[in-house]
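Shared between the two complexes below is chain A, which has chain B as its partner in the first and chain C in the second.
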Partner chain A sequence: MSNGTAVLEEVTQTPAVKSTITSSPQEGADDLPLWFQQQREQGWREFSTMPNPTRKDQAWRFSNVDALDLSPYRFANAPSDDEQVEILERSAMLNGKSGRLIFANDQLLERDALPESLRKAGVIFQPLERALIEHEDLVRKHFMTQPAVLGSAKFAALHRAQVRAGAFIYVPRAVELELPIEIFHWLVDENAAVFPHLLLVADELSKITVIEHFRSFDQTAPGFACGVNDLIAGRGAMVKYICAQRWNENVTALQINATTVERDASAMSLNLHLGGSYSRFESLSRLVGEGARSDLLAVAVAHRKQEFDARTLQDHVSPHTASDLLYKNALDDRARTTFGGLIRVEPHAHFTDAYQKVRNLLLSDDAEANSMPGLEILADNVRCTHGATSGQIDEDELFYLRTRGIPVKVAQHLIVTGFLNEVVQRLDQAAIATHLHRLIEQKFASGAD
Partner chain B sequence: MEGCTAPKFNTATLHCAVVELIALKGAKLQYITVQNWSPNVFNLVTKRGLAHEESEIKWIDCNIGSRLTMKYPGVVLKGRKSRGEVLSIALANNGQHQDTGAKMIHAADETTSNIISKSISIGTGRATYRGLVHVPKHLKNCKNNTECDALLINSTSRTDTYPAITVRGTGNSVQHEASVSQVSAEQIFYMQQRGLSEAQAMSLSVNGFVNDLVRQFPMEYSVELKRLIELEMEGSVG
Partner chain C sequence: MQQLEIKNLRVAIGENEIIRDLSLSVGLGELHAVMGPNGSGKSTLAKVIAGHPDYKVTSGEVFMDGENLFELEPDERARKGLFLAFQYPSEVPGVTIANFLRAAMQARLPEGEELEATDYYAKLYEKMDLLEIDRSFTSRAVNEGFSGGEKKRCEILQMAMLDPRYAVLDETDSGLDIDALKVVANGVNSLRGPNLGVLLITHYQRLLNYIVPDFVHVMVQGRIVRSGGKELALELEEKGYDLIRDHAEEPVAA
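After this line comes the complex of A and B, so read on.
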């Protein structure tokens, strides 16, 4: 790497944080609240004592657990000045936004504060470290309160022990943010590890859209990311969360998301997975109040030897709740995808309306799609359905397009784009949808060579 | 055809059987079970079939009795153009757990498989569908269709579905669909209006739910099954 010397110089300026991530957490974070330090220690204890997942665990069935060797990864320093300038340039995504945070190697690079009007209304948008001090009570109340039940408890514990960067967002009662908030996480150095965190608390009747970007500075440098998101939609709130993951194709990534949806609130999440050599994504959606609604959307475009592993749980705790899941995967070359999803209707959660649909489009003979859609129903007055399909491009559709003079390659491309488009459309946010389309196009272009 | 019934003993009983079917070229094989063990039998059964070229294996499996049944009839589709089918009806009443399902392992081109599973949970009964569909790569024109429908009668009833589907390559298509529902109140109301009691109406609609499967059985069995369902449904309402 050409910037190697620059990084070395940085070491003398910032305190040495070169240790690997599998050694115990850093000392000397004394300015953080005591409870948080205790959480770290507890997280570390849990991580050290829990066994590694094996393929025999149902939660890791079909998954390539060998990809989870953490020994090469270490904490990296802040990027050099040149790198920082370039990162800032490349972090211009949406024209209209309420605020923006940019992290690289878990260090805060830039912060575009919220407009005055929103700050006056009481909206908080801060790096986690600062929020821990200024809004300790709020953070403490919500910080990692949902256990990681979908298999990655060990990695959630690691995150708890090592988390250093992230965002805290609080939207007070009845405040609506018209424009989205953007958060960037960059991986810069070789074998760098990041632990992105997002804590979003939307109070009663508020409205917010957040988009997170996960990017690699270098197109080949391996890295590791282990992120945790907690989204809390208070009564009647509307929360939209979009994740645009495009690490480079040598990154191992784990993302553990938990959404809590309270009475009459609605939450929608869209996860676009393009990058990573191995990317596992766990999404827990808990519908705890009557009238709550949750939409879980995901698109994965996998090629070469990429592996995507998605696990979801739609947990219906209260009656009169609705959830709708739509996951679509397009697989080329030797790519693998796994989907393990469960709809769980707790006893007495009557009048539940739950749907789950996963569709795989296989574009090559060596691609492999695994689907495990599941239902666990403990109440009787419900409507729950799920469907899983795996197939290839319809010959008739291809033929039709060719009769209109469209070449095979273009026709295939059109069909795949159309297949994925259904998910992005559901978001109902034109600017973000356009951006996501562009990312998908870039991914296809990169696979063509 | 196999029918299972047992007198009720005081202690729990274990029934552990193995059934293996081999269909050679062009053969058609159909295996029907109506299982009605007493509610203290643990019924752990292995059922598998090997289908050679252009043959067909069809498992018809009705589970009504036993304390716990764990049974997943499977077909290994070894020969070209072979076909595997599992039709399964499970009825889980108070204290019962019917853990049934199907396995379809495609190992040759142009193989097709079909799984239709219908389950009914009554009282504290629990019905589970557990499935496996495997289509390895370089196979062409393999098709699988899976449908699981579950009916829940009481608020303490439980149903689960855990399929696992692996597909490789571009020549194959697999679809899985499952739904969970309740007997519609409108249906019951309609039948009561015509003079049926609530229990009769419930029994009729449950029989209707499984009817399209039961019709495929030989006469004697479909009559017996219908009576068994009526018997099990007695006193489940109200």
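After this line comes the complex of A and C, so read on.
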């Protein structure tokens, strides 16, 4: 029997094979609950038996499935002391926050606990491993309860098998967090793999904002990330989730989201996709209670040969629900983006209001944006609109900026920033918006060479 | 040499010649009004001076203080002191006036030097007050959802911020009611001085009651057909373009 860190230590047996992430997880990590260990095993079985995706699957149409060769990736050790110091330094984003967790290579580096007032009010913000022990029932009730229906079932299974790091957040009834919670996940070594997990449960009438950062320590080291985040907005709750994805451009990343919105609750998520060589994002919003609302926002800035692959489902289960998706992509060089999105209005979900808008701004003739919007309406009296457009920078607009002395590249970036700003503005969170804009500017600067 | 000098300029769009052998010089410190009916090529002239890529210069040159503008990119021309207030300014969605102007001013600083934010905002607010623009406009996207009058004021605000040596103002009066017209005229007048040359394009005499020109030129079908002092504007108002056009059209038809 191996102990709780066996995933790493098994390497000592037959390193060549066992160090990879595609070898089976340890037999019981015995301090974790049995049900969780069983989930791991089941995840492993599913992962091992499910076929690899091919482009023939509708869910993987236009996708670079070749990027999903996972054989090079392995669990990496904790970063060195020097690296840890630097990571902590570089993990300072927001001035005001309620709490913070920093992980690197799936190991916890730092924990800024919640202020006492929030802890007393019953708010839980813990590393997943700890929550599994201290709040077993609560975690068990909500842990990966939504099937991954947008193509990545195999990778969700892998996540289930290999997940070790992440955060569990619980906000009790009517408790409001004024300041956001921040979570960092870092990839550090060559071919390191991480499986970031976030489970957020916001109980009735509570209010919370969470921001997750995905970062690479090194600008070029390849890596793999396979994350899952489940957001649950209980009755009347307000949940905002922001993800700033900034892996380096040699990382392959998959992120699988499921958002469940209950009666009169609202969820808003904004995913900023900047990094990765191939980065796939699957987002499911389920509107399960009357009066529920979900805003799905995303921004991708793609350059060089980056590929961003987004698949979404706005699933209206109950009547009088609303969802609004706005995805914007700015593509330069030979970058590619794919959007496949479905609005589904289930029988009985009358009086649904659903929107889906995708806009691509092409900065280069070699960039490619694929959009596949879709509707499936099984109820009456619904209002649904969807549309995808692609265009280039308006020449007169560019000229206008240039006549003010602004050089072409700067003018283009300003126009792109403005184009993306419509999405970021919707957050209505000035400090976070400023931060996201800074990240976008850094990306522009990195592409200037 | 301190002048914006247009020499024997010919400009075409496709097969269509719009500017036909036009010459005109605006000395530093002078204000020249160019008046002409719709379609005579006034905006084309303005945009060619600024470097719009759609127009083909078939012959002639434009010099700014002796430097050939056609050898410079549009943004280089601007950084060297040229400004164009557009007849139809573009909207720049999602980019606030504050950020837009900051980028324009930053572009004028040497590499590595950062714009000083306090000074910048002090100047911005001063100029906004001058043009009676509400300060809330700093956080509005450039020209997006602006009324015609707001757009024109915003153009002059930009001019005031960027301190050009030569400014081409294309129908900055059109679409303005009399109060707004006075505000804009007041703004332009406050910027006049020995270090600014202005080419003021207008369709109506009205603006010239508030901005008194040093010289007036009448432009018809792509060329200057008459030049004179400020009284020419009054004569034009009295007789209309038709009279002058009658004279002008002969050589064109030939």
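Quick note on the criterion: the second predicted complex is superposed on the first by the 425 of 449 C-alpha atoms of A that agree within 3 Å, B and C clash if a C-alpha of one lies under 4 Å from a C-alpha of the other, contacts with A are read in each partner's own complex, and residues count from 1 in each chain.
In this text, contacts are C-beta pairs under 8 Å (C-beta built on N, C-alpha and C of every residue); 3 or more make two chains touch, one makes a residue touch a chain.
Treat the numbers as computed from the prediction; the structure is a model and nothing was measured.
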item	value
Fit-or-clash call for chain B and chain C when the two complexes are aligned on chain A	fit
Three-chain overlay, vertex chain A: chain B-chain C angle, C-alpha, nearest 10 degrees	70
Chain B versus chain C as contact partner of A:401, first or second or both or neither	second
Which superposed partner A:372 touches (first chain B, second chain C, both, neither)	first
Partner chain in contact with A:422 - chain B first, chain C second, else both or neither	second
Chain C versus chain B, contacts on chain A by residue	B
Partner chain(s) touched by A:364 [first = chain B, second = chain C, both, neither]	first
Chain B versus chain C as contact partner of A:51, first or second or both or neither	neither
Touching partner for A:96 - first (chain B), second (chain C), both, neither	neither
CA minimum distance (chain B, chain C), superposed complexes, angstrom	15
Where chain A meets both chain C and chain B, residue numbers	none
In the complex, chain B residues that touch chain A	137-138, 150, 152-182
For the chain C and chain A complex, residues of the former touching the latter	50-54, 73-75, 77-79, 82-84, 86, 89-95, 99-101, 103-104, 107-108, 141, 158, 162
Chain A to chain B touching residues, read off their complex	61-62, 347-348, 350, 360, 362-393
Chain C-facing residues of chain A, complex	394-397, 399-408, 410-411, 414-415, 417-422, 425
